[in-house]
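Chain nomenclature is as follows: A, B and C, assigned in order of appearance, with residue numbering initiated at 1 for each chain independently.
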Amino acid sequence: MKRVLPVWVRPRAVLVAGIGAAVLALLPFFHSNRYWHNQITETMLAVVAALAWNWLGGYLGQVSFGHAAMFGLGGFVAARFQASLGLPMIPAWIVAGIVAGLYALVWGHPTLRLRGPYFSIATIGVGEATRLICTYWVWLTGGSSGMSLPVQIQLKYQLYWYALALALLALAASYALRRSPLGLSLLAIKSDVDAAGDVGVSSVRLQDLVLFISGMTMGICGGFYASYYSFIEPGDMFGFSRSISFVLMGVIGGIGTIAGPAVGALIYVLLRNALLASYPQLYLGLYGLLLILVILFEPLGLTGLFLRVFHRKRPDLGVTGVAAEDSAAPATGVTPAPAEQRGAK
Amino acid sequence: MTAILRAEGLSKRFGGLKANDNVTLALEERQILGLIGPNGAGKTTCFSMLAGSIPPSAGRVFLGEQEITGLPAFRVARAGVVRTHQIVRPFANLTLMENCTVAAAQCSGRDDAGSRELAREMLQFVGLEKRRNEYPGGLTLAGRKKLEMARALSCSPKALLLDEVIAGVNPVEARDMVTLIRRIRDEKGISILMIEHVMAAVMSLCEHVVVLDAGKLIAAGAPKEIVQNPAVVEAYLGKKHA
Amino acid sequence: MGQVIDLAVSAILLAGLYATMAYGLGLIYGVLRIVNLNHGGMIMVGAYAGWWLHFKYGIDPYLSLIPVSAAAFVLGVLVYRVLVRRLPRGAAGGVQSLLLLFGVWLVLRNAAYLLFTGNDQTIRTAYSTRAISLAGAFLSVNRVAVFGLALVVLFALHMLLTRTYLGKAIRAVAQNPDSCTLVGVPVERIYALTFGLGTALAALAGLLAATLFPFSPEFGATELLKSFVVVVLGGLGSVAGTAIAALILATVEVFAILALPSYLTASVGFVLLVLVLVIRPGGLFGQRVLG
């Protein structure tokens, strides 16, 4: 029987993802709970954003504290193109994604020469600078008071399936970026960018690629967000808090893993909404605490915990810079077990 | 006969310091060429320029007929010149197998399965095949040096640049290394340029030796002549002993 | 012309604050090779500490400098001992220490929100609105006081690092921690003390800044970035270098008002940071030595 899928795709993973997607797609026909319908939509959006952040922060090991820059840019480009230039929603999202991806290249390409902490610091600067400049670019953002999109009845309800599709795409991309031969090159770059070049890896090009698709995906998320809420304002879209949320989702879920950030996103949205009513700011402090605990005790976050509990092999993802001791690894056993992907939905 | 790898007038300035001054050398096909000299002579800098890790300030580098001066390292590696590092730099978060697979995939143009096959072959060649699913952290220094060699070999190079692979390992391992290097040339037909401090290895492996001192090429010839060359002795030991 | 002098004086006064603010960050990096992402958090804590002491007990902020700095020092040592010490040092610890200290910052931020609400606060004393006349220019009392205090602190730091045993030990550890263990310098203790000192300096600078600007729990992010600009430009450790770099930053910022609309002047610092980091790649923070 001829293999349709590339050799590095585990059929079990495709099956799990397919079933999960089908369940979620059909779910709304079996209930009429708007609240949960929206919760799931928001969660899936957060999943996409967290995964996109992780491609740069986890796979390449370059932690960005400024990803809201692309999120916001995408959001406003999409909104502006729809509101003022009459572009339909999906093309607007695509344009937004491309603009955001290109912007990521503009600031990211030169900045990626910096390693580790220095890159991260620069991203704080990028995020804040983008916020300030865009806040006062009134044509794009409508100034600090923000911008509205014409409200379409039923759009918010339908966006559920768009979010599901995006989440599936993002998950597939995460899987491909990791398990394919390309993924190996990315890990090599993460480990030692110069040595990678010495054995033929075109580090600069691959880093640019990841930058672009990470930024582009963020931009599309921003566009989605704009369509979903019909109102966006720069302080929120470009805010440091938003950039922080991506870091938190990625790191606490499991930085560098395939679906860990999705888990992080799930927990994040649930916790935030649960605490929002009673203690609006508490979730941030809670997350700070979680972050500290993760860094000190389980660098692979919730995913790492899960793997420990189930005694699975913990993949060495170069998080701690120290190789894993477990040497009973299967031939290309760098990927976390597919079981963990089930937890993502 | 065109040399496999040729440097013409290679120079490198770092600010005011001239690390390499007008170095010309040629690595012939199937040759093992030794590059020796006292510490700080500029040997690794020369390597770096040959392999594309750093661009030369002046001079040219040729791979056969093709000029590769100033090309980025990954292009040079894909063209067929691969180096190892003085301080080993394995990919700590990849298994031995994956270390070599990456190299094979990028340089050899083979598909996924073919790359892994090549990687496995190279690991077997250096004797690490049984440990291919372990991580570099679990290897001894000699093991990691062999890993780097296997990784470099996975690129199917025409010229292999070995940077002090023998220094720092015990005598038994050193003998192993010497045999391995000779096999690389004999069985795979790869030309080797090696920086080395361990003179015994240089004497037994290299047909030809060039000597660098303070960035300049001061001597070239067969190993036996080189050790007797007064300029070389002076470079290593000072004027008194010449 | 009068405006130029005004701006120049403003820049000088501001530079004093920036230098003090940046020094703590540079100190921690120079000695421990750790980027203290909690720097912004401690600046915020210093601001609130001064505000609270003034609000609750009527203590003049400049008088509470010493107790606040001392408390921050203790907090810094604690953070080091309990948290930072567990991380691997060097390249492996790089991003992790960043995230860890970032977590601390988040916790502090949240604590501030809970305790003080998210509203802007200011410290208003009897003399806040007064100005003194100096060489024809009117200078706000607070700005002059901050500048003066900054000078005192920087001078004291310089003395500490060059004239005392502790200072020499710190510089030695910055250069070569392994050799220090060999000659009996208690490296771990120096690390803890340095971290405490850097933290105290951040809080101190935060308190000073609070007498000049309004602040909220969000305070500190901008200041962190500015501190980076100063540290990267000025190199590590040398008080003179830090001072000059601070002057450059302050001057660019202040005179940007002439060229840019007011809202963009805040972004000058960020753009400068990104530019500086990108144009001086590789050994940015260098292997420079304290002295």
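Assume contacts are C-beta pairs under 8 Å (C-beta built on N, C-alpha and C of every residue); 3 or more make two chains touch, one makes a residue touch a chain.
Values in this document were obtained by computation on a predicted structure and should not be read as measured data.
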| item | value |
| --- | --- |
| Label of the chain whose CA centroid is most distant from the centroid of chain B | C |
| Core chain by centroid distance, with centroids computed from Cα atoms only | A |
| Approximate Å spacing (C-alpha centroids) for the pair chain B, chain C | 48 |
| Whole-Å gap between the CA centroids of chain A and chain B | 41 |
| Cα-centroid distance, chain A relative to chain C, in whole angstrom | 33 |
| Interface hub residues of chain A, defined as touching at least two other chains | 321-322 |
| List of chain A residues in touch with chain B within their complex | 6-8, 181, 184-185, 187-188, 190-192, 194-204, 316-318, 321-325, 327-334 |
| Complex contacts: residues of chain C adjacent to chain A | 35, 83, 86-88, 91-100, 102-111, 113-114, 118, 218, 221-222, 224-225, 228, 261, 263-264, 266-267, 269-271, 273-274, 277-278, 281-282, 284-285 |
| Contacting residues of chain B [partner chain A, same complex] | 51, 53, 72-74, 77-78, 82-83, 85, 89-95, 97-99, 101-103, 105-107, 112-113, 115-116, 131, 133-138, 151-152, 154-155 |
| Touching residues on chain A, where the partner in the complex is chain C | 61, 63, 65, 107, 110-111, 113-118, 120-122, 124-126, 128-129, 132-133, 135-136, 240, 244, 247, 251, 279, 281-282, 284-292, 295-296, 299, 320-322 |
